[in-house]
């Protein structure tokens, strides 16, 4: 009769509804997403900035090998939160779709099209037996001929487009911050400052944000992704403009 | 002996009847539909008007990206309530069927034909193991050479044609309203007013309807869908005719 | 030891016999049939008359869209009771079989042949795992070169031919009526009157039969189905001949 | 420790032996056979006579449509007891085999060959998962170039040849009667009398045999099946020879 | 902790080992073998004699139709104990292999080769899910260019070659008898006498052996199987040589 | 909480890890291996000697038919311990691989290559559902162009190369003996003596080793297997050199 | 309610999330990895050194046959910890990929590419039913045109690149040591000394490290793997430079 005991009966297969119409396996997959380090992305005056917290568990680890930000195509980038193996697999499929689009239609794939393909695949893994849902959320964004585009896709296959978005641990706190402080046409450095503030929300209570854990990349009208170096980052954060 | 304990044994597979001849998984799928935001559609003097409540969970979210109303073909539109990932998948299949009809028979697919194809697919997902039913209801409507057509399809694969129909949360309250107040050949603005009233029934007790959450589209003898802008909407609602 | 507890062990798969040699899933499928609105058919002097109760849940619902009577071929008609999605699927298959018969043998399919094909398919769904039985009974009837034919097929795949038959809710009460009052070579209006009386048996205790819920169609030596309009129906019922 | 509780563990899959080496699902399938109306067949001086009790549940039912006796080929006939849907499916396969034999070898299939094909198919359904055994026993008999042949096949795939055989309800009582009274080279009418006596053993205690429920067919050296009409039947029963 | 309760967990799938490394389903299959009527075979001076007890449950049953001894090829014979449907299926496969050998290699298949093919097939049915082991043991024997060969194959796929062998009910008692009394180069009638004594061991305590239940066949250097008639049998048993 | 009760949950599928990272089904398969009669093999000055205990359950049994030592190829021999049906199947596959190597590469397969192929196949049967692990260990050895090679493969697919190895019942006792007494370049008869001593370790406490139960074969630089006859064996054991 | 009892429900299928978003089967697979003997690898001034502890269970075992270090390609080496059968299978696939790269692109495969292919395969085995995750972690490293590369891949499909890495038993203790003492551009012998110290951390409390259990291999700018012999090893360890 209690929610917790009732759930015992329906949460063991993605392909089963609970009596209140929920898919528990999909909800549990979202739990692993909510435990991942935070990723954020914001539109700014000239494009979109992407930022991620790459928790480095050992100083012997080479940070570049942490798979958190993925270039999908020249003009499309994804940030993941959740199971990194699942992320890599979906990214592999997304890159192939982007590639095929170029070959078949001789033009770059539109971001919305690609986001929907990824989301459709996620949905399939919630409807059939013999497989589990993907334990991954993505921010997928970039610039195409329709302009700046910035999406979130969830394990259920749901998707939505945002001006500013956060995924992973404490996502809601970061979103509240963005809702209060994000504005259209902020400058690049103001946006980066806001994003660093958001990423701080993703930390555990006693954790302290270290700049070197952060990775920032942006895309502007030149329609190429360019990393923001640690030096640039420090400059922006001390910049009062 | 009690309904709740008896159900424990039969509700875990779409492919199993309970002793009283019910398919619990299909009924549970209908629960998720009954939790979706409301969608409505009404015939009026010159065509059909479609309306939907797009609950916007964040002001950073771009309302257009909320998948609630889907153009299937030039003359066919669907509104969904339930799992948006499931909706997108069925819409994708429906669009392909419409496309194939044009290619093979050189004419637009009839609305009834398309509704039956979607419903048949839903039925299949209630009869075989290893998959769950689709957690989605659709209003599917438009105008074809047989005139104005307006259908509802349920997760079980059941379908019916209506003059005015509502799906999603508090569907029954909206249907009662329509049964009392809908009449054939109402004017466009009178119909829109009635539909807004219906959409208000879909809100939680303390919620207040905001016009900007609503999306309206209509089709008339020109056989193309045209959105009703927020301005037009306000005009119609203040219009006393 | 009690029947009800014993059944707990064997009723969860169509592909399993209970210790007393029963297939519970098939029996449960028959329960949903026994909850459907009634359908009836009777031979009369010149052909066969088909009648069905189409419960209209809303006055906004277009009665023609309620799928209860299905034309399978020019000379074959089916009435269903049970899951309408299941009915539509089997009707689709039956229509295809009828079509193929015309193409391959250049003549209309015999009614008995078609009934057996539908019944065989139903049987298959009671013998293999990973699928449930069809939750549907049909009256299938018409006139072919062997004369008037009128069959019932059940979820188990069992079939039988009748002079007068009822399916759905309170089937047995209607059959008792037919056994008492049906005679060969009754006139059309006398037969319709009897059938309306039978359909009244299918109602709940406090329900009252409304003529507009009823749909009647007949076939005679002209070997085409013709609907009986509400006016004709009223005429027949007030006719004392 | 008690048989009934021990069985609980092993009787849910045809593909599983119980600790004492039994296949419960096959035994349960035999239970449905033992509940079917009786069928009998006896060799007599000039051929074989087949008889069956066709319980008519309604006087509106057309007795010919009750599927109990099936002509497989010009010279082979089967009587079934058990699930009629299962019977029809196996008969369909048997007819096809008979047909193929004619096409490939240009001669009628031998009865023993056909009986073994049917039995082999039944065996397969007792060894693999995902399907249930056939709930049907057949008497299969006729005359071919090897003479009069009369077989019984059971749900397990076991078969045996008899001079006189009964299947269905109270089979053992009928067999005891045959063992006492059947003799080689009885006359046709003496044999029919014996068979009617046997069929009476298949009734419930208070039930009374009605001639019109019975169907008799025989085959003699002419190697064609000929029905025995109700008149002939009455004549034989009143005949004292 | 008790054997009987421990077994409850591991004996429901052929494809699962118990904690002590046993395959319970295979052991249970051997139980049905141990309940079958006895079959025996002994080498003698000039060849091999095969004998079987064909329990006749009814005097109306035609003994030849009881499937206990199977000619596989001109020079190979099998006796089965266990599920007769399973036996027939394996015999069918064995005959086909023998046939193929003749076609492909233009010579008769060797007995050992054939026995191994049958045993390999049995092994496969103990290792995969979705099927049960074959509930059958065979004596397979005959004479080929390597001389007299006499094998036993069990449900597990194990096989061994013997000078004298018994299968079925009370196998061990018969084997003890053979171990005491069988000698190489016994005469045919001395061997038959010994075999009848062995077959008596296969009876229930109060049962009495009837000669007519027994079937004997032998093969000698002529390399053809010849039945021993009831007359010859009686002659041999009364013969004191 | 106790090991024995904890195991109850994880030991029923080869494809499942227990919480402590074990594969119980594989461990149980090793139990059947540890119950098999012993097999041993030792390198000696000029080659490798193989020995096996062939428990003869009946004096009517022909010892050569006990499948314990298998020639895989002219230069490769295997001794099995465990389920003989499983052994025969893997040996069949190994022989085919050896054959294919000759056909494709025109040279004899290397022993290590063959051992790895067998081991890989065993591994596959521990990772997928719907099958059980092979209940068999092999000693596989011989001489190829890389010299004397002697391997053990276990049900898990693990393999290792040895100078002297034992498998089956009381393997560890035999290995301790070898570790103490085996030396490189022992003479053939000294090695055989040691191996007989090892085989004695495989007996039950009260059992006594009979020479006729033992089978010995060796391979030397001539690269062919030659059996050691019972006479040679006796000579070696009485030889004090 | 307690973690341990809660886990009981979700840890039996790789394809199922627990309510807190964990994949227990993957975690259990990591347990077997954590029980394997240690493997280590460190970058040094001129290349990478690989070291492994090969626990020798018997002095009759030939150490080279213990599969712990695998050459994948001329320039790529893997060390495994976990189930050796699983390791061999993945190594086989990796070698084939490396081979195909040469054939298709006419150049050696990049190390990162290969590591990702292996990791992707591991991920697949965590998402589908009917298979278990691979119970294996690898260190994969070498030198390609991008320089020195050194990766770890886990059963989940997660991967990361390191300067120095340890896998297997007591991995964390070894990593702590490396984090304290590893520096870029250490000399070969200093690095080997550090690695031996790390390998000692992988021993049980009372175990003592024996040099002969260790296997060391290195790769430098010559881009070939060269073993470090026991003599070289001793020299390096006594070397104080």
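Each chain gets a letter, A, B, C, D, E, F and G, in the order it is written, and its residues are counted from 1.
Keep in mind that, in the parts below, contacts are C-beta pairs under 8 Å (C-beta built on N, C-alpha and C of every residue); 3 or more make two chains touch, one makes a residue touch a chain.
What you see is a predicted model, and the numbers here were worked out from it, not measured in a lab.
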| item | value |
| --- | --- |
| Shared chain contacts [chain B and chain G, defined touch] | A |
| Touching both chain C and chain E (chains) | D |
| Centre-to-centre distance between chain E and chain D (centres being mean Cα positions), rounded to whole Å | 30 |
| Distance between the centres, which are taken as Cα means, of chain F and chain B, whole angstrom | 69 |
| Whole-Å separation of chain centres (CA-atom averages), chain B against chain D | 55 |
| Of all residues in chain E, the ones touching two or more other chains | 129-130 |
| Round-the-ring chain order [start: chain D; next: chain E] | D, E, F, G, A, B, C |
| Chain A-facing residues of chain G, complex | 9-10, 14-23, 116, 119-120, 122-124, 126-130, 151, 156-165, 175, 178-179, 182 |
| Touching residues (chain side chain D, partner chain C) in the complex | 7-8, 11-13, 24-25, 28-35, 58-62, 64-67, 83-86, 88-89, 92, 125, 129-135 |
